[in-house]
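We just call them A, B, C and D in the order they show up, numbering each chain from 1.
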Amino acid sequence: MVRVTVWGENVHERTEDHVRERYPDGMHGAIAAGLQRLLGDGVQTRTATLDQPEHGLPQEVIDQTDVLTWWGHIAHEQVQDAIVDRVHAAVLGGMGLLVLHSGHYSKILQRVLGTSCSLRWRNEGERELVWTVNPAHPIAQGVPHPIVIPAQEMYGEHFDIPEPDELVFISSFAGGEVFRSGCCFQRGAGRIFYFSPGDQDYPVYHQPEIQRVLANAVRWATPRVRGPVPEAPNAPRDWFL
Amino acid sequence: MVRVTVWGENVHERTEDHVRERYPDGMHGAIAAGLQRLLGDGVQTRTATLDQPEHGLPQEVIDQTDVLTWWGHIAHEQVQDAIVDRVHAAVLGGMGLLVLHSGHYSKILQRVLGTSCSLRWRNEGERELVWTVNPAHPIAQGVPHPIVIPAQEMYGEHFDIPEPDELVFISSFAGGEVFRSGCCFQRGAGRIFYFSPGDQDYPVYHQPEIQRVLANAVRWATPRVRGPVPEAPNAPRDWFL
Amino acid sequence: MVRVTVWGENVHERTEDHVRERYPDGMHGAIAAGLQRLLGDGVQTRTATLDQPEHGLPQEVIDQTDVLTWWGHIAHEQVQDAIVDRVHAAVLGGMGLLVLHSGHYSKILQRVLGTSCSLRWRNEGERELVWTVNPAHPIAQGVPHPIVIPAQEMYGEHFDIPEPDELVFISSFAGGEVFRSGCCFQRGAGRIFYFSPGDQDYPVYHQPEIQRVLANAVRWATPRVRGPVPEAPNAPRDWFL
Amino acid sequence: MVRVTVWGENVHERTEDHVRERYPDGMHGAIAAGLQRLLGDGVQTRTATLDQPEHGLPQEVIDQTDVLTWWGHIAHEQVQDAIVDRVHAAVLGGMGLLVLHSGHYSKILQRVLGTSCSLRWRNEGERELVWTVNPAHPIAQGVPHPIVIPAQEMYGEHFDIPEPDELVFISSFAGGEVFRSGCCFQRGAGRIFYFSPGDQDYPVYHQPEIQRVLANAVRWATPRVRGPVPEAPNAPRDWFL
């Protein structure tokens, strides 16, 4: 039983009619529903949003979260640093983290990766093809090659991230750009997966193949260990004998 | 002064008129000329071909080669295993190796990478865009983003290689496929760069941007050390004092 | 249920009394027993040895093997190339491979890694400490930090392997040398783990912590997919629509 | 001509007699002198310290710095966040960064790596052996295998860093611990090298082999490109044609 907290900025859904019609339960609601549909009893989901106290992420929620998913876009700066610190500490201690689409510019992704996470973009509803470059990877199991997304925002290279520990997906767009769209990292004991499809202007999170990727990623990012951020202990000679 | 040996299979150039017209000095000749043009006094090139004794690669030539470039296609099986052994030993000892286009299926690349190096392909003269994903990499210096190749054979994922030590270029094709087109590896002391553009049916090696990539790669792959394949010495206690 | 074939060269056990006394069922027997003890119903083991027809590895055995473990030392050259080809193809298709101790010089490890796999060595029964450098890795779960092996052959750097995809363990020896003793690689769809403790002159495979590492590695290397070595298909335009 | 700024916290040197005697010009002075000795006209050094305005690192100094070296220990918290931001931006734009010894806990290293950088330690003047695990790496050229440091503080695993892009050195200590003592990373366009030898209680930076490592690292980290932190441009369709 993996406990997943699906975090959503939930601004576009409240302020733009067409987004609310596409995602009446919010993008976070659609993401949670997809996980439930595919993982069933293997997952327990809850959602949290920016406008809740502590953004819906008090310490006790984080402590009960195995994997946190993160979608944000226009309100990255409104996320309190204290909450980012809390999420960061949990990741180092073992919590899994899935960062989605425009979350590339979230404080938490910049914090764990140490780079600007900048990229090129164009929002003209182009076809995106998501190609698997590591078919044996757990996140690629049961995923078609390629995933065809009829219309999406274009995200293109150069994507300013550290060389991923494992690269799983590369996307191309109708306009010719490419993007490293599925990237694995480890920081401390925590596994991090960045997955780029999912703009609010398109029904990407309703697409079963995308839900499959997220369900696989949740299982992949489930903690093997969970603890505090490690400190730097003094170690007397022969302490291990 | 980097000493480069440009190896060419040299079969298409001898058996197909349109290839000979495109590359009257062979593809190897065009590659060598591009290196000379860009590196000038910094490089000394020679060429070698399959039909020569020992494929033009006797031990003394290998010993005087800092970087070997390799283009082959329809005659991979005619390359003698003893020559592959010789090249392999030189790479482990520090010699640089650039494997080009259809050389993905060469014995030497399969030998150093340990995988099948299989891929998808389609030869319909599609536009290839070569995107830089690591703009600070030495091989990407002075290279436009993207390189536009008007017509090329399509090479697509899944490309069955180990995860590269460094990924420099990703290509997209008009048909939508993507390909990890510029990949760095190290084996023993030798640096290896695989670069996929360069089918015999198109004038790719006459294109200045492609020549720039190859010149950069030659410099990148120049040996820092050169020696025999390491053996496994017995080491008496405190041998290093 | 993971199906494991434990391959043993089985020469020292037959020709040296002290090895036979230490490992009356062979080192392969001790390794298989350790896996059974720790994984119980989760594993089904069989053993195979050099002196059997096809070294105990006919195609039907390989086809029914999820993970193959490999211990060899003085008879690497007696392993038939056809069997190495068979194991190699299975690894590329997804079979897991655990290479142990002196198996560093086996044909199969050299084949998949593409390097000499040379190292320094000294057999004086020194204490080896096996330190975990990635405590969140699946192979490190439940493993003490460090594992103390009272007496072992020293294996020291430089170890001529490609940079591992993941480094899990580093050993130190009483004489001061260090060694990358637990290294993960992927080739094709198959996961490979090299683990260096385990000389025939010491009871290493009877040690519970070592058995834990091997049990973890078996689970880690269990195939996610299994198929033939990929070929290079022609892909008509829009084949994926 | 590489322009190096050697940054020193310069607290131990001012407050502890034995450190001042060992390093009358500060550790930063000794590091700068070593670089000058080995790189001669190829390098131009300056030093900067915590107690200077803006810690000696105003924007114009950073702009004229190709490689910054960083030694800090007991005053990490006194480093202003604005200066850390400035250094971070310069690294992403291409400036090289060498972080030394107790700088593992500096704000700038935590910022670029995204982890706690914690480790085990014991300061009892133990012999440290620094082993090369990638002898072909530029930073290892001319470096003995191993470097013998007669007395040093012990730094041991687990070292909480991301898996390095390249691992160059592993140390062992008389007490048996190991440590990944020479680690390469890239963040944005900048190269980062962490090197652990160098406690203030021992004359490590006077040792020629250590100076050789630092000189090599300076050359390795010299920028290939230099620019601002990349932004995220909107890219109109076919912008590249």
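In this section, contacts are C-beta pairs under 8 Å (C-beta built on N, C-alpha and C of every residue); 3 or more make two chains touch, one makes a residue touch a chain.
For each chain, UniProt lists the protein as follows: A, B, C, D = Trehalose utilization protein.
Remember, it's a predicted structure, so these values are computed and weren't measured experimentally.
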item	value
Chains contacting each of chain C and chain D, listed by label	A, B
Which of A-B and A-D has more C-beta pairs touching across its chains	A-D
Computed distance of Cα centres, chain D from chain A, in Å	32
Interchain centroid distance [CA atoms averaged], chain A/chain B, Å	37
Residues of chain B engaged with two or more neighbouring chains	129, 134-135, 145-146, 156, 158, 163, 165-166, 176-177, 186, 188, 240
Partner chain A, residues of chain D touching it in the complex	88, 92, 105, 111-116, 118-122, 124, 154, 156, 158, 160, 162-163, 165, 175-177, 185-188, 229-238, 240
Interfacial residue positions of chain A with respect to chain B in the complex	127, 129, 131-135, 145-146, 156-159, 163, 166-167, 170-172, 174, 176-178, 180
Chain D residues touching chain B - in the complex, by the definition given at the top	94, 129, 134-138, 141, 145-146, 148, 165-166, 186, 188-191, 223-225, 240-241
